[in-house]
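Below is one structure; the comments refer to it alone.
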């Protein structure tokens, strides 16, 4: 609970406008709405500048629909749903008028994608074609959060000229999301070339000793380039969220 | 090699001011100085806005001294040395006039720490007292890179009131570096409270199933809070470097 | 074999009421019933205060039915079946009159859930909605073992106010079962807030570097809060069993 | 921060006895004392019933001494220090009058061990002689927290008669701490024999594929006996802390 | 190539009965029959006393049929097929007259199970009912190799009286195969009770931190009981093979 | 980008034949063709002597077809597709006239396999029948790259005479690809017998503690024989690629 | 507790020669002697045919001396001490007259090595010179347990002719202990050549990806040769113990 | 044993020049010299073209001296000793006249380094200064085996211009040894640039999640560049050995 709201409630109490029991209640119940299977954070947009997102994995289509309706009723304009199953998407396509779904990245969006409000551009770069689902998760989330996104796909280090041919885009980025599976070397090479923060996303692309993304993850954590931080394997959303935060800093 | 310098050399060639062989030479040799055991990047300050740092681990005292001298001769004003051994520090204390050393964090600095030039403040928070060496590495590096640093030590989640008592500092940060060993829960809790980017640093503090920081690392990578990215175990420098980048974005 | 029964048999022998061969037989055969594919412990209720449970995984529907019938014939009133497959549940629904099944937690119960006999309340808390199957396994098992259960779902640490809003429940618990996947930080935060034993259950909820629950498991084992112990990944039953033991201590 | 203290402060505000700014201050600063390198929890004894413990690993002798003095000045009667280095112990032996140290378990105690206040007995059992350092950490901590401890050492399952010969002690325990390295089977066998909660402590005793306690840890987590929970490798303190909590439940 | 056959060929050469080129040919081609996708060892029965076995996993039904036919044509009386798929079993049931198949253990047998020729009895013991597929693989293979087998199922250490009730069988064994998943403690307890070699088979039974048998495997390798050796996870065949070797030693 | 092409473009600029902007363009765009989801390397045949290969895993049938068409249009005569799904093969069989597919190894080939141009023979040896899919991937790729291949299947070390019987083939190889799962000992034994480079391919053949090829991988990396290097688990293509490179050295 | 002694005590009770309390006492206290830090098994020689061994690691010199004296006083003629530290050896050399110590294998022996009583020979084979400490542990233990030992050192598979040159020894063994680090292929090759049980001992010899013996361990567990079982890394004693058991079977 | 020698011995037998027993003897004893603690391969130079190397780790100074003397007596001109300890080097410096030692790489050489006999040049490239010990092991071994070596140190991918500035050397190599720790991306980037075989050597340089070279190892095994194979962590010798084999192919 952030200090300001504590102070506001306290001021209400001090001025006699708020009773003590009411205050205790507010401190406890205000910031979320309990709909049984979930406690929805309705203040997140205010508190953290980015509104509640629905993590679709492990939720039934009905649960997702219920959460979407609750958020809409409480005034959230754009609702982002990540890691959605096709089945849930089908239900929402029927029941929610302004819903759209991207099968590749399993991203669902209710409402419109807002105009970009970020300072600069977010570059989303991938090592190969197989990294596209994660890349599109990152790109679409970044767009929902109000960012202009530049896609730079299939620029893996094994064909360095492809990456060097995109130096213009790399040098013009405010943040770069570097996405790669297998050996994940893309993060280090981009980290060495760019002069902006790089958020690396290891992907589970590969086989054998890639161990479902472990190889790329370790590689990125040990990057010899400075200015690189890492999120979970296949976590395009997480990278986009932090990139958007950075891109909105003024 | 960034595109601008290619263009500049090409323009020199086109205008007849630069011969082809000279151009090839420049393209190859300009950006670094080869002193045998190392190829020093003298343009990094220009290219990436942050000058060359010396990674002290695995280098002999003489090698470090040699690199310091070369960098000084080439005009670098402040030189940061990380993961320095005491032995190397002793040599530099004798041979380099403006050298200072912090035994706790193994950070050596040649020259003066510059005035802060960042936009806001970087908060460096730790879970416990044992995380201090890593925290000081982060804090000192951030200061060398021109940032105002707020230290928030021993605010681990087992005593949540200590962390909640520092909400003012947390809410006033532009970037937060969250440092913790053991179960690394600090990153998630701070990530949930703050509205700025959080860079998490797992530390090797702990025993048994902490597996030298693996537990904290996995924990931070799987953070249920958005806006958290992670660097290598004990990598205070890496977190500071990216935090500084973010703090200098305007 | 506990000492008392040894003594009783010995007394029978000493008093001539029990022949030696009979005694050897009793020592060997008394405590279980062998039905071929399983040796059922009919004395467990007496010996350990909690009657035999059927671990449903890896048993055929027919085997489960056979065990249920044997236990009923030997007078067990309530029979708990964990990790049951739907297929086995269908068979039992046909064949066993007082059988009920919860599809979410894969818990089957034969007979009635007894009235609570425990001293206080067991709080079952989860980090997110996806942890519900494990949470319900824990809650239902605790109820079968005679405990009042308070469910506290979706109170993960990324939205700390949700957890702080439930301080009343937390402070009123006699034992808390803290269930979380991903980074598993819930156990540490609850462990720091509560003044009763906390049993942590890591779940396999998550993806990528959660490594099917390993991340949460390590996190909980390394909890910086005291008073926290841990059971196997997804082991709601195990946590409930020990919590019930504790809740019945007088 | 628990709800009661929030309520008390709010009542003070409501009644005009406490100003708003003062209230904010109290909410933030009351519960701990900041001595620079550590934030000491002076209310823990009140809040959780067991007073602050000093984790000695990774702290300098001077830091430990400083914390001890602060806690003593604030009225703590018995101070427990775990994982202390001999060097720190030597300093405290000089500077602190009522300090005692056990070299085997690296446990330091300032003040007197209180009379037992627990309901029953805590049995501390080990698989072998090499587990003694961990066992003594558990036993001594349990005693400091006011428990009667029964030591049952070297009763590993390879010589089952040694364990069966101690059935009296096992059956008379209110909580059992089962400590073993290598394959850690002791926890399962005791868990099957006893009718009280068992807290298992894997130790790093062994070589080769024991992987510093990993083998025993996994073994205990997968125990086929119910009623067993697990703490970190070599974490005698953690087991004692929870055992004491359980032993004080009425 | 064993020395005797080298000597025999050499003697043939020396006596002029075998030409050099023929000898080279014999040295190279004698011991196996190449049927394209496999090189069948027709001398194994002679050389190692136990005839060629077919590892069914990863072979097509046709390949298995082809190998069976080749072995039969070359006079092998009993043919053991392990890890067979049901599909392959169906083919062989049609095509091979004296074929029988056990669905539980995926063991197929062509020909008759021979009369026991071993010295004593092989006891096959399991921790639980779920270990039966592995146990039956072991038991059936041991029978095919001419051993009398005693099955001792569901004698896990959590109910020690079940195991102690079978001391007669344990003490009468010449070799014991101890099969268990989860924490695998059975091997240590049996190893401590028995006075004959124990071959431990970890199984993949369990969930969560059993990591598909890793827990049981490590446990068994670290057994505190002497006289225990270990084979691969779920390798009932391997245990039976060695047990049979031991049981046939005179 | 290799130095020669830089030099050529620079010479063009110097001689006034190429404008600066055109040169920048050429430096960036020449070496690949961007078809949206992929950037195809059309110069690879020239630059590295072996033309672009299509990694089929994670690409849709349409994407593969699109890439094949682009490569054909740009004059590539033989196109190799690895790790193809049957579904994609069906599409190509319809749409591409000179396409052939091997179901076992999932290798697709467009165009004809060229005449061998290598210096000597590549021997592809496997430990068992189950390694055939990987072996055929290696063998077919090597053939596409212009090599004569000798197949030596099912020569695992458990029946050493099978391997010793093939000494002629082993001694006549210029490079050997040693493919094995389980314990992967084949690489060491062949490495000790042969006098040419050995490239080892661990396979995921096995179960239990083979951990999907990890066992064979570690085994091969630790080979006590000199002259052995290793590629990823199941990476028949990678081994063939390097073997072909070596076989074409003159 | 084995059945016979239970029966004997029961018979004593039945015949009135043994009182009940005495019987309970005997059942509990007979089989071991408690000397505080250890419970010594004085009946092991009788019960399992091989007398108590002292595991020296983690025991102080004084503890070892104390155990030796107790065992001697209770009539044990030969006492084996494994994994002894030099320091303990020095103490015993002073205090115990018939003590001898082998620095290489850290084996101490009190009393005389008995005449061989086993049926045949135990062959101890190693892959390299660096495996000698483990090999000597195995060889010396086997000798203490009454076996004739044949040492076959440095016969690793990279130089196969060294192993093939020892076929006589291999074929004449009753049990073989195959000891190897690195890739551990020795076990498979010997397993394929020999017709007797092979006990494999992985050693921690190697570096890098040998991961302290993990590579050899996995390799041996996955051996493609039948008749191979495995003990813990570096566990020469364990292999010798089981080998001796097998060698004494008649 | 290679076929030719078998044939020669057989011809001797056939012609009556060699008796059978003598032949058996030759087949067994010829190829190595047994000096107790080692079996030295005196024919390796002939059989595999590269003479016996001494692996210094785990051998005593005396053992190394003994092996050196035996090899010299048997006519080996240049003797390579890897992973030598300084202590052993000191002994050899005293006792062996033509011995030289490189402290950095722990390489000892007896005799002279021969003139290069390879076809082309071997390039040894490293990511950083800390990789030098491994790089020098590789370089020196390659020189001993008769190769011209080009050293290309500190060309890690974080400063790509350093590597691109060395394109001449890269393009002129016949084999490249790419050595890197941390994320090991150097292998992929060089693999993409070069048109010759690349042998990658992961090093244990790094900290935290580099896990002693595991990160670099996995990275290199998963290289997205073709034509890259990998040897063990820090195995400079192994890379040099295979590189030399390749460089001597004609």
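A, B, C, D, E, F, G and H are the chain letters, set down in written order, and residue numbers restart from 1 in every chain.
The rule is simple: a residue touches a chain if its C-beta (ideal position, glycine included) is under 8 Å from a C-beta of that chain, and two chains touch if they have at least 3 such contacts.
These numbers were taken from a predicted model, which means no experiment stands behind them.
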Of all chains, the one whose CA centroid lies most distant from that of subunit A is G
If more than half of the interface residue numbers appear on both sides, call it same; otherwise different. Which is it for subunit F and subunit H?
same
Could you work out the angle of the rotation that brings the CA atoms of subunit B onto the matching CA atoms of subunit E, rounded to the nearest 5 degrees?
180
Interface repeat test, C-E vs A-H, F-H or E-F, passes over-half contact pair overlap for E-F
Using the average of all C-alpha atoms in each chain as its centre, how far is it in Å between subunit B and subunit H?
37
When the centre of a chain is set as the mean of its C-alpha atoms, what distance in Å lies between subunit A and subunit E?
53
Between subunit C and subunit H, what's the gap in Å when you average each chain's C-alpha atoms?
58
Spell out, as numbers or ranges, the residues of subunit G touching 2 or more other chains.
1, 3, 27-28, 128, 159-160, 164, 167, 193, 208-210, 214, 217, 221-222, 226, 232-233
Which residues of subunit H touch subunit G in their complex?
1, 27-32, 37-39, 41, 44, 55, 57-59, 63, 83, 202, 204, 212-214, 217, 232-235
Per the contact definition, I'd like the list of subunit A residues that touch subunit F in the complex.
128-130, 132, 153-155, 159-162, 164-168, 205, 207-210
How about subunit D: which of its residues touch subunit E in the complex?
127-128, 156-160, 182-185, 187-189, 191-193, 206, 208-211, 214-216, 218-226
Sort out for me which residues of subunit H touch subunit F in the complex.
1-3, 47-50, 53, 119, 164, 167-168, 171, 174, 193-197, 199, 217, 221-222, 226-233, 237-239, 241-242, 245-246, 249-250
